[in-house]
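I am attaching a structure below and will ask some questions about it afterwards.
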């Protein structure tokens, strides 16, 4: 029987509350809608907890964090925890500034995360490995770090599913491990593919019981969307690739994931 | 003779001051430009009133409201009222949180609106009907509410034109009534069609004397844009549909509205 | 030998720190990536200086300024100045409100800019000429002002390269002068072409030593992108034109600039 990770999203239409950066927020909302979820963005402290409590998942993304929204993220995450609503963290640029590092530390103390997703630099920073985050893209210098080790450390330390996206994506909950080889390098030439994926993970985790398996499906779907978009836009450029990714997400279902998903499950040695 | 609602927008290029959410603000600006208006977004309390006073219309959208911008919305709306500049309210998510409800109540006390546009859940909430806003989309549970009754109640209570968009759109100023059947269900799969429409209404109302008739034309143009976009993007997906809607708005004029607009005027029984 | 202004951007991948408006921020990020740069947006006072200090260029855009971000812009600009990192100013809507005028005055006192880019109304205002900024678009009434005179005045007064974009673009550092005739009028029908250009200028200036020459290449590349996009989208509308501009930027290199750039260098009489 085919898995139904995406079908559950489209049937249950999980409301996903995102406190996310203003650079890619429109893409996050459209990616969430495309995969079958329903986005709501509400970042004022006066309603962040209320909205979180009525949602199926909460996504916290620190891409353009500021003091006002850090407090709202904390309130939303804690309200979600109280009702066992899964919370996803996207620690954009963790390691790049003291403000980001302190915000991440504060969120990790106050909130229990179901999933933490980032690039190798960001997850290396969270794992306590030496990292050299430069801006919001993964640093080449960090490629010496082992993604499986970094993800496993974060998964164990914070009791969550950890996902690192890169050439090969790694997802682990500390016990189970998956490597996903979908995606194309050209995705790095548009902003927001990471943020969109974190939103999509919110939808998959909000609609499915198993955060690890839901996260694997979400990661594969985003990689596949990049592949389809690159093929369909045929070299027109990065603007079309951007739109093509949303197009593909709106058409990708479980059958496509089963056929074209390049997921390999492994066990820790 | 063909109506000239859109021609007036393109000839007069109304400056439309929008204090709107950061999720769809780019689409609102591009939709406004596409239909012939000129957008300006200025949300600091230090200039909100100044900018409103030099505009042809003001659009207040509470999609990602926060305490800072609520004060700016109030200042902009009051400054516009003083110079008889029409003000449009988009009460995104009204009914979904105490903060939104209080903000809407405060704006409705302080500002006289020319047009209030929302989905059935939002307008039901404003009409004092039972509503169950879930996030920012209309709740299925509210479909029991009668759109004409809800819109008429809001129009009479607040002395404005009220518009509810849904499968059939309803526009009324309490005396006149129009139903519009343009649009496609797929528009619900992208974020921002409601916000864009509120911006476009600002342009039409800013360039034309009759707010009710201008609003009807604006609502029909957005529905028609969805129809054209769906036909032209041919199932490519929701990313292309999104871009196609802006494309269509930039090409829709009064002739297309006269030929393809599905507007039915009715009288209250 | 062909100039290598764009090649330097693609080889050096300059990190460009943008504190910019939330209307067009996604386009700015994608335009920066398309031309070969790497964007980071960080506007909290707690990290603005830190991020600026690790960047290759800083872009300050006051399109949706507010009191919180004005302070961050100042801190980022001053931190960049200390390390001789070039800073670009986009004085969106200067002349349109007291808040904008005061913010611009404050930034011009505190920060030394490598490049100031705006439309004729904005640069006229900075040059102390009579201007009548209406919203964020150049006012027709200001077309009486001479662009060369306005740009030269700003270049001399603030010791920078000044660029005015319009039908004919003018770039000068007070000593050298270039006029660029790329671009299409249709670019005025989408929001953000000016903001994108300011971001792209940041990338070119961050990757090249000569701010004047880098700025000329950046201005020509944006005009050329508009030409390609208009030709390639073939009248589909302004949504496609918008995406087409990003597409073109991602494909334009020095060879295209050399062949199709309409740059004319002049000397002051």
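Structural remarks
Note that the chains take the letters A, B and C in the order they are written out, and that residue 1 is the start of every chain.
The criterion applied here is as follows: contacts are C-beta pairs under 8 Å (C-beta built on N, C-alpha and C of every residue); 3 or more make two chains touch, one makes a residue touch a chain.
Since the model is a prediction, treat every value here as computed from it, not as a measurement.
For the touching copies subunit B and subunit C, the fraction of interface residue numbers used by both falls below half; the interface is of the different-residue type. Rotation angle relating subunit A to subunit B: 120°, from a CA superposition, given to the nearest 5.
Mean C-alpha position of subunit B lies 33 Å from that of subunit C. Residue positions 22, 26, 242-243 of subunit B each touch two or more of the other chains. For subunit B in complex with subunit C, the residues that touch the partner chain are 15, 22, 25-26, 29-30, 33-34, 38-44, 46-47, 50-51, 54-55, 68, 232, 242-251. Of all residues in subunit A, only 21-24, 26-27, 63-67, 93, 96-100, 134-137, 189-192, 236-240, 242-243 touch subunit C in the complex they form.
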